[in-house]
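Let me begin by handing over the structure; questions about it come next.
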Amino acid sequence: MIIFLLVWPLLASVALLAFNFKKAKELALAVSVIELVVSLLMAFQFVKTAEVQFSVNEPWIASLGINFSVGVDGISLLLVLLTTVLVPFIILSSFNRSEIRTSNFYGLILMMEMALVGVFVARDGFLFYLFWEVALIPIWFICLLWGGEGRGKITLKFFIYTLAGSLFMLIGLVYLYFQTPGSHTFDITALYTAGRSLPVFEQSLIFWALFVAFAIKMPIFPFHTWQPDTYTVAPVQGTMLLSAIMLKMGIYGVIRWLIPVVPLGVHEWGNFVIIISVIGIIYASCIAIVQNDFKRLVAYSSIAHVGLISAGLLTLSKIGMQGAIIQMLSHGIVVFALFFIIEIIFERTKTRSLSELGGIRNMAPVLSSVFIVVMLGSVALPLTSGFVGEFMLINSLVQYQFLIGAIAGLTIILGAIYMLRTFQKAMSGEPNKTTIGFVDLSTHEKLVLFPMVILIIGIGVYPSPLLAISEAAVDSILVVMSDFSASVK
Amino acid sequence: MIPIDYYIWLSAVLFTIGVLGVLYRRNAIIIFMCIELMLNAVNLLMVAFSNYLNDPAGQVFVFFIMAVAAAEVAVGLAILMMMYRNTRTTDINVLNRLKW
Amino acid sequence: MVGIEFLIVLVPVLPLLGFLIISLNNKRLSHGVVSFIACGAVLVSFIISVLLFTQLLSQPEDQRFFQVVVMDWISTGDLSINFSFLVDPLSSIMLLIITGVGFLIHVYSIGYMHDDAGFNKFFSYLNLFVFFMLMLVMGSNYLVMFVGWEGVGLCSYLLIGFWFKNQAYNDAANKAFIMNRIGDLGLLLGVILIFMNCGSLNYEEVFAKATSLDTSTITFITILLFVGAMGKSAQIPLYTWLPDAMAGPTPVSALIHAATMVTAGVYMVARNNLLYSLSPISLNLILVIGLATALFAATIALTQNDIKKVLAYSTVSQLGLMFVALGVGAFSSGIFHMATHAFFKALLFLGAGSVIHALQGEQDIRKMGGLKKYLPITYITFFIGVLAISGIPPFAGFFSKDEILAHAFSVNPLVWGVALLASLLTVFYMFRLFFLTFYGSVRAGENVMHHIHESPKSMAVPLILLAVMSVVGGFMNVPEVLWGSAWLNEFLSPVFAQSQTVLVAHELSHSTEYMLMGTVIALTLVVIGIGYSMYVAKDSVPSAEGERIGMLHKLSYHKYFVDEIYDTIVVKPLYWLSGKFDLIIERLAIDRLVNSVGESVVAWSGLFRWFQNGTIGFYIFIMVMGVVAMLLALTIN
Amino acid sequence: MALNLFYFLSFVAVFSALLVVFSKNPVYSVLYLIITFFAIAGHYVLLNAQFLAVVHVIVYAGAIMVLFLYVIMLLNLNAETEPHKSTFLKFAAAICSGLLLIVLIGSLKGSEMIVNQSVQGSEIGLVKNLGKVLFTDFLLPFEIASVLLLAAMVGAVMLGKSEKS
Amino acid sequence: MNALYLICGLGFLSLLAEIANLKKALGAVIIVGLCLVTVLIVMDWNTGQHYYNDMVVFDNFSIVFIALIVVISIFWFWMSSDYFRGQSHQTDRSALILFAIAGAVLMISFNNMAMLFLGIEILSISLYALAGSKKESLFSNEASFKYFLMGSFATGFLLMGIALVYGATGSFHVTKIAEYLSSYPSELPIFFYAGVVLMLVGMAFKISAVPFHFWAPDVYEGAPVTITAFMSTVVKIAAIAAFYRVFSFCFSSAQETWITILQVITVLTLVVPNITAVYQGRVKRMLAYSSVGHVGYILLAFISNSTNAPGTIFYYLTAYAIASITAFTVLHEVENTDHSGFNGLYQRSPMLAVVMTISLLSLAGIPPLAGFFAKYVVFAQAVNHGYTGLVMLGVVTSLIGVYYYFKVIIDMFLKEPAGAAIQLSSSIRTLMGLLALLLLLLGLFPDWLISLLA
């Protein structure tokens, strides 16, 4: 089943890249929908326990101890679902710009989907790294070929920056690999045992080698400078892929490949990272307040959200982790919707600068209502998906250290400030010459946005099923941690 | 009987003179000759060793060096001719279009 | 009891349904249908609330509560939170007020909004508000209450900015939402701390554990909770949003910013009476803040010329009074005053609304006057409201305010003094308002007076009903001293039972109470006299903008410049800081650093390529040097 | 006696080698180089590599140097056409090679560690022995040398032949 | 051994072809012959015979490397068919190439310094001539002249080294020398080590390691594209194999003398060319620098574990050679080798652009292409032997590499096209498709190649 999830989009993308289809977008949509259906089937067959399911384990490069080993537990499943759910909508969202979206474009998106799913299901260190890198190529090309002004320089910076991080992750993994007994192997469990057996100092080194890669990908505070430029310059579908899904690779990496691998390292440096993340929350929110470019604003807001996620994650409490997972899903959906709204406005008015917009609410009540819901999701109003995550995350942080929690909590105020400001500037007021001819949502735009609204409110009202899926897996991770922190104290 | 060291030193000196020539002159032909000089220093050393070790292999090797030297000179001079045809000079520093 | 549970769930769900139906068919439905659905929904839930109330009464004292678990919401590990509703005396009183007053205001809005483009949207928002407000009061755990808490904030945001074309209104809306958010953060942190210490968020479990917690923790928690109350109930320092909130349509001001939402803080503190009574410090804090707010807002109200602004500040001041009641531990009195206040303040706002309506949106009392003969119903009802708020017996306000003052006196005469001062100021500015509006010469423009008209039935009827309530409302809790049964205190006693055991009860002799009442009434009448002489006899009109006015007067007129102060010490610095972050740290520090790495590589490359300068001599030179270096390295070791 | 001869030959070799480097006129350089070769051939004789000495004279003095001369004549370089390097570069060259000499001498010590197996009047230098070794042990290199020469020939022809366009 | 005969035979044949004028068929014949050579060489697998009293040895090491260069040469002939067609000296050129290949075979399989020397010389002399084969072009002249002058200069040092080693150990024979070193390590004269160092100089020149690399960029740029392709693939492979044989098979037990020097050289070779390449405006020259830079990674593999690195080095060379032959094929088709020549290549010929992209990605070491695994195995081995510092350096330099490779890619896709659309012959299309596929497959299934020599 997982094999299908990986091979199917790959084949489709190869086909799309090789031959220039006339009906490329319909084809891609069909492919991704089938992918979605299969992943849903998988979700239904999934048993809510900690052990890895649907796993496939074939020897691949025996001499290097690399196996093609994949499988899903609760956490992976949720992220795979996020991917397979969002990709069809991302494809659908590109329909009104299809005149410039060639067959290659959709081929790259599907390749991206393959790589993302691969990252989330890989159970072998090397395989994980491979998918991790492979995901970079299509997104780079998407940004390069269909991006905006100055894409060459910016995408190159993006590529090298992220590659730098992941290469150090590779070194870290290799180091672990050589700690594995006998003929070395990259198998995840072996890496776990190897990593945990190391002394604190080495664990700290590996922690940083791995964490930098994840931090750059997320990105959290000091490692983020590639992100606003890239988000701004990328075509909106690329931005969606980057922010809604690819960003989660980093957080997933922390959950799956950092915390269980080097518990002592995490124990050593977790506090530091939490502080950095919290600083990042405030910092990014403040910058978001003064942004005029709509896309940049959302970019910074997502830095702030991710900061909260990573901080809550590293409290190593169950509430924190669960909250992080829910927040990942929520953030993916919200940010996707936000970027699509930006795209709609941009496409109608040919501008993203808030100072030029205004009064859209007069002409487009439906759009503005949708925008309100999405905005509420982003500012974490209760009964939206955002609240569940942020409540749990802030909760975990307060339990970790009240002051940190309180500062992190400022995000709900600052978030409100910049989102409301945005809404006021873009939608409220009297229409001006750029927005006067604004037409409300078209059918296919509604097709994309309404499901998102439903998801935002649905998750906000009834998140328990999702929480239940990941619960066992999170427990199994935390058991290890508690042992180790016990051993430290 | 002449000690081996003498020969080592002699060939070292000759070798260095060859290097000096290569560094010192700009005329390609002279530089070729200096390279030949270097090779001869090597030959001398080889022969000295082969005699010292009483082993003919060294001298046989010298034959090959000679053959190679001859071949190199042939090709080298051909290249020189070709170059001269195009540039009307044998100054090595004239040819520095390929740089950076 | 299945029936009961179903009914309980129905109470909040009906307005929600109303909201969904209206908002999803915004375009299709006609005004008639919409107003029917909206009002119907609220009416039905009012009727159900009455049923529940009776059911509650039919129970014996100690079992007067129903709890319903609808479904589980967030549950992972030891964190498990349900959507669950609790109907006990306290919440049932709230239910009655919300749905009752809410219904009347809905009806009123039909008339008030009839020619507004956003009619349907308006009613959908109103229903949504009622839904969230009911969540707030019915939730049986803190998080459900928080849902309602933030939900009503959202609705107030939407309704303040209802006329979104006007950016000033939108600013007011944003201000309201953000200031509430500040409070909400405090509340949220408090809730989380409660969860930390009690391992649960259900009221009864928390209250069960509460006594075992150490005082400092409880103080910390209760103060955080009170921060939330400050935001929501517009107490110092978070009160400035409420006057601006008058940008919304008048019914909104009546419903949200007078009768219900702003009293959420009072409800919350009353709900947590046990926690507060366990922490004297925070009780005192509440007392101080309440007193300060009551006095402060009253002084501002003295000089305001916008009819709604005056009412807004009086609301703030009255809320302060309620917190005084809570602060002295007289929780039921607080609730009592809240109820009466809901009646007469709603009445006053609606009256003001009908004045504004009559004068085509004129809100400046300097341009009114002499409306008595044009708007008789409004005049009467408004008069009743003024009497009620001024605490003239036997109007509703008298009983509630008197009770608070009595308790205040029993705790500390000084408190009593300040509270009394505030209420006297209230009397003054209310009558000032009243006289300037309805008496004296007509100051409105010709064209306005040309088609001035009494409000339609849909607006008049609610006025009348509320006036009635303002008259009789006080009798639900007539104290013993006036040969009453203090029925409300009895009814609410199960809720406050635990805290009463903790707090020391102060008893006042009847004679003192009579004495107090006497003084209060006497002073009130005096103040009224002064007002009459100033504004009716002399018919003096507040000075227009720009005229020279006294120092104190100026201070009060400009609301003590609090907005400006906040702007300079909070808002501007925040934007300045953000700008600096963006320009300096982001662009010049971090990004610069990253880029300079790349640039330095390019620079090095520029340097290195000069070695590749194309001359054979140089190459060979380097080679020989290399050889020398290598041999040297060899000979050295 | 042999030692004196050695000194004499070495002096000739080094001296004329230096002249090769320093003489202005290429033709003179060639002639000095030939003298150097003769001196080296003398050394071969001293080292009883008689056959090699003969071959050396024939190949170098007879073939290679003639080739050089021929080219010099052909390109008509006998005049002092060479532009002179700046004195700095000359200086640098001298320093550089001086250093090289020093380190070479410095690192060419330790010959006492290898046992002297040379026998008086050994015969390894004679055609018979050399031939035996050449055609038994070193047969393959000998054959391959033919490929080398062929390649050189082809290359030289290819480059030397002027394109008739 | 038969392989060697056959290669030389092909060389003679192509010379005869001039007389018998079989020029038309020649190309096909050579390719077929080389395929036959591959078969022959593979047949010797695991026999490990020694020939001509141990002058050459065809152990597995030789066999895989010979097979590699022969296969690469097949691709080379395929790609550069028009370098011969219609030219004068067509037969001479192919003969020289074939002799060069023969020399390369000797450099790989030698077991005696004489063979090493002759092999190097055959290879070099043919290349001196070939580099100048575009006679009218000054660049070509300069390239061949520089190459010849410096090459023969370096040969002098190599020979001096051989002589000294001979003097110390009394033999030219690799195995004998190795035995001597291991049996009498204590009684080696100092000048033996000097000899080793001088040989190191000579070999370092051949593999173009810093600071003996200066000839490489100039010669690569000046020589005709096809010859550059040959030099940067076949010649490099042969040189590195020879280097490996000398220092691993022969002098490994004298490691302490040269390992430190080699480490310094490695660092330089990693840093200098990669940084210098950043400034390059000419793709051909950029590739030259990159090929020097790749030597650095190979040296890293070598020093990190000099006794059994051949598997790693072999895989790295394979990946590198295939990638760069691909790149040069594209270069050959584009003709204009400046950056501007690549501007908008995607519009001019999508196939070229895509294939070039793949090869550049592989050179840059981006998964899942062969180049990535090559770098990976090198780094992994180095980390395993505690060279983490050098690995960090390698990572940084390869990031720099990404920078200059990707600049080309960006130009190909973004800039305005610099010329008319390019028509590709079907044979070139198939070749490029094949090469690109190889790069991918080697990346996905590197196992057997790596384990060949493990």
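Letters are used for the chains, namely A, B, C, D and E, taken in the order the chains are written, and counting of residues starts over at 1 for each.
Assume a residue touches a chain if its C-beta (ideal position, glycine included) is under 8 Å from a C-beta of that chain, and two chains touch if they have at least 3 such contacts.
The structure presented is a predicted model; accordingly, all values stated were derived computationally and were not measured.
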Task = Give me the chains shared as neighbours by chain C and chain E.
result = A, B, D
Query = Tell me, which chains sit next to both chain B and chain C?
reply = D, E
Inquiry  = Farthest chain from chain D, going by mean C-alpha coordinates, please.
reply    = C
Ask   = Among the chains in this structure, which pair is joined by the largest number of C-beta pairs in contact?
value = B-D
Ask   = Which one of the chains is closest to the middle, using the mean of its C-alpha atoms?
value = A
Ask   = Compared with chain B, which chain's mean CA position is the farthest off?
value = C
Ask   = Just how far, in Å, is the C-alpha centre of chain D from the one of chain A?
value = 72
Ask   = So what's the Cα centroid distance for chain A and chain C, whole Å?
value = 38
Message = Could you work out how far the Cα centre of chain C sits from that of chain D, in whole Å?
response = 105
Message = Just the number, please: Cα centre separation of chain D and chain E in whole Å.
response = 31
Request  = Hunt down the residues of chain A that sit against at least two other chains at once, touch-wise.
outcome  = 160
Request  = For chain B, write out the residues touching at least two other chains, lowest number first.
outcome  = 4, 8, 15, 18-19, 22-23, 26, 32, 48, 52-53, 55, 57, 60, 64, 68, 71-72, 75, 78-80, 82, 92, 95-100
Remark   = Residue numbers in chain C touching two or more further chains are 598, 609, 612, 614, 616-617, 620-621, 624-625, 627, 631, 634-635
Note = Every chain pair meeting the touch definition is listed as A-C, A-E, B-C, B-D, B-E, C-D, C-E, D-E
Ask   = Along chain E, where are the residues that touch chain A in the complex?
value = 361, 366-368, 372, 376-377, 379-380, 383-384, 388, 391-392, 395, 398-399, 402-403, 406-407, 410, 413-414, 445-447, 450-451, 454
Of chain A, residues touching chain E in the complex = 60-64, 129-130, 133-134, 136-137, 144-145, 151-152, 155-156, 159-160, 163-164, 167-168, 170-171, 174-175, 177-178
Task = Can you check the complex and tell me which residues of chain D touch chain E?
result = 104, 107-114, 136-141, 144-145, 147-148, 150-152, 154-159, 163
Key: chain B - residues contacting chain C, complex   = 19, 22-23, 26, 92-93, 95-100
Query = For the complex, which residues does chain D have touching chain B?
reply = 2-3, 6, 10, 13-14, 17-18, 20-22, 26, 29-30, 33, 36-37, 40, 43-44, 46-49, 52, 55-56, 59-60, 63-64, 67-68, 71-72, 74-75, 77, 81-85, 90, 92-94, 96-97, 100-101, 104-105, 108, 111, 114, 116-120, 122, 124-125, 129-130, 133-134, 137-138, 141, 145, 148-149, 151-153, 155-157, 159-160, 162
